[in-house]
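In what comes next, chain A is part of two complexes: it sits with chain B in the first one and with chain C in the second one.
Moving on to the complex of A and B:
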């Protein structure tokens, strides 16, 4: 029962590579552009190019690729089931039928649709995990706050929202450890989590959920007192001890991104989409 | 708009629980259907709405949605219209269902309970509140919040063309109903439990 082992979101691996040294704003903007491009990519060539680029980034950062992908492991069975689902259930007019049995049809369109969404999931996962692995929470906060500052003008409390997101990211690991303790404690009392039918399994969730939520709310109350005691005021009038500066690395990153983005947009426009 | 420290912290921590339930797969209950699991990842969002109001419900929903978009548990969620947009409504709907049913229950209980003229039936009054009128609003909030999630997500999946409508409806029923029951019961239990340790307001 090692819950924390497969959690890679919100974990930061310190390093000295040029990816680590980038201004967080550059990384956030780049990651956002990549995500948008991946959402409009519809051809195998586009994903192949993205795979090359992501591979290049991971190599450059020195983050062990196996570690970056570890969080994917619990997702694999679901992905496999969904792929089969798409293969047999996605319907499109005039497409090649590979296989036909009863009401099930494996079609070329289904195959491509399955591949498309699985590839999207893999890339989304890798890009976001990679971002948090190479960026500390503090610089992620600074970057996001600085990028979202203009939203204050239209009345959106951007700094407070970023703080919320940061608390969420920080507490995932803390609560994971707590959850592990609760599950172990209940197992020690004789609860067999992996046995029983659907209803029995569901009922075993209750003795885990209640302590988890109560513990979380106790921590929340403590954090509220701690933040109030330090007079946390959100965005208004706050200054930073360390201000962000863009440097040469950021220029290089922008250049690399322009080359990749340009090529990808070219591929998206001029190649045959898979579906 | 201003966000209090309380709202920031509670949204953040409930968001963390939603993410945690996703990454550990604890938020997925195995159900004997082709898609394999029902979800209870939206329970923190319902709680946010019920305990702290629509704003916290909205923010927690956004964190949950953002997470399920960026680290999708099922392939359709790699589309923000399926993963983020529907989740914004869960907490808000839960709050309004909770608030309105609480109000309705207090109002119907009023003639029997009222001791004198001019006394209002707000939750702030010192009159003893029956156990049922504490439980029912939570039950409704959990059920409606869960239904909001199922209906909106399945509609978006169908609208975006990932699954034909017959498949969506059957998944919606097969998953939505157990999810709804579990969410309703868990909301009741968790709200009762959490209100005991919170600084009291009503």
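Moving on to the complex of A and C:
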């Protein structure tokens, strides 16, 4: 029984690679650009290029590729279902029909649509996981904060928003650990989570989620008190012990990003989209 | 009921960069009716080991036999094993979820598919065992109980499954002295009256010395001592080396001995200390 094994989102894997040493702002900006580019990619060639680039980054970072992709494992069944739905239910005029039965039609358009969605989810997940795997929570906060600073001018409390986000990210693992403990405690009292019909299985959620929620509220309250005790007053007047600096690696990263982005945009414009 | 652990090793987060081996080739057996204490520094693997006893962890390397039944066996009924080996978690009140005390205690027996009357009987019995008043508290809101009461309710929830082995994972942590005392006497009673096999994990040397007949010491995932309570605490130098202490009363008697009082070595609990100190005093009186 180990729930936390497959959670990679929000986990930081310490390292000394040039990816780890990048300024967090560089990483956040490039990750955002990559995500946008991936969302407008519509051809296999574009995804192939992105796969090469992401592979290059992962190799450079020293993060084991298997581990970077591990968090996808629990999502695979959902992805498979999505793919099947697209394959059979996506309708498009004049497309090759592979297979026809009743209202279901497996079409070439559906196949490509399914592939497109899966590829997008895969890449989005990998890019965001890779960002948190190579960036510690502290530097992620610093980076986001510094990037969102201009928003303060129009009255958006950027520092508080970032703090909330970071706490949420931290809580993913903490809650998973708590969940595991509660599941074990109820299993010890004889709950068989894998037995029974749908309704019986659903009812077994209560003994797990009730204590989890109670615990989460308690934790939140404790956190508030702890922050208060250390005189947290929000973003105003806060200074940094470590200030962020852009360096040579960041320039190199920008150069790599421009090459990749340029190539990708070229491919996006000049190749046949899959759908 | 008996437990046998053969060559058990265990790693967390296997196959990830965070992989960490926490148990190394553990061998031990606990016989019917024994009261065994497990001690060791924090993160030494006590809880991980104990969670193998009721199949919450299934061994990858080595095996665990519960009354001869291999938990690794595909045909083994794990739910049944978990009912036979009751496990009380650290801070067990976190597992409470039902609106009333009675309903929460009934959760385990209901999972055993017993009839309404049998479940009710189990609840009544379990509440009596932990010293909770059935009539006054059965319909009480569970979150209105005090810390000590909550913990007893949680223990009753495990006892209601009628286990043959009771695994107690640091159940007195965070309780006030009276709550502690009450819980411990409940456990002692159960062991004496029903000859219940009990595995008692604790960070308090005083508690373990007062409760257990035999102690298993774990350090960094290995069993380093497995002996009678007296013999284990006689090796206090080694215990100190791994960050454990002696029971306070043992330390006190040791100091008195070095100060020149005629007292026996290796006194483990307060009542032993009391008899030996009063004997020594009487001796002194007689000399005068």
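Note that in this section the second predicted complex is superposed on the first by the 275 of 275 C-alpha atoms of A that agree within 3 Å, B and C clash if a C-alpha of one lies under 4 Å from a C-alpha of the other, contacts with A are read in each partner's own complex, and residues count from 1 in each chain.
Operating definition for what follows: contacts are C-beta pairs under 8 Å (C-beta built on N, C-alpha and C of every residue); 3 or more make two chains touch, one makes a residue touch a chain.
Given the structure is predicted, the values throughout are model-derived calculations rather than measurements.
Undergrad: Using the touch definition from the top, say if A:216 reaches chain B (first), chain C (second), both or neither.
TA: first
Undergrad: Who contacts more of chain A, chain B or chain C?
TA: Of chain B and chain C, B contacts more residues of chain A.
Undergrad: Applying the touch criterion given at the start, work out whether A:272 contacts chain B, chain C, both or neither, answering first, second, both or neither.
TA: Once the two structures are laid over each other on A, A:272 reaches no partner at all.
Undergrad: In the overlay, answer first, second, both or neither for which of chain B and chain C A:206 touches.
TA: both
Undergrad: For chain A, which residues lie in the overlap of the chain B contacts and the chain C contacts?
TA: Chain A residues touching both partners: 206, 208, 210, 214.
Undergrad: Contact residues on chain C for chain A in the complex?
TA: 12-18, 51, 54, 56-57, 78-79, 82-83, 86-87, 89, 92, 94-98, 107-108, 111-112, 143, 157-158, 161
Undergrad: Can you check the complex and tell me which residues of chain A touch chain C?
TA: 1-2, 4-5, 13, 63-64, 66-67, 70, 178, 181-182, 184-192, 195, 206-208, 210-211, 214-215
Undergrad: Inside the complex, what are the residues of chain B that reach chain A?
TA: The touching residues are 1-3, 5-6, 8-17, 19-20, 23-26, 29-32, 34-37, 40, 43, 47, 59, 63, 66-67, 69-80, 162-164, 167, 178, 182, 186, 189-190, 193-194, 197-199.
Undergrad: Give every residue of chain A touching chain B within the complex, in rising order.
TA: Residues in contact with chain B: 3, 6-7, 9, 35, 39, 71, 74-75, 77-79, 81-83, 85-86, 89-91, 113-114, 117-118, 120-121, 124-125, 128-129, 155-157, 160-161, 163-172, 174-176, 179, 198, 201-202, 205-206, 208-210, 212-214, 216-221, 223-224, 227-228, 232, 234.
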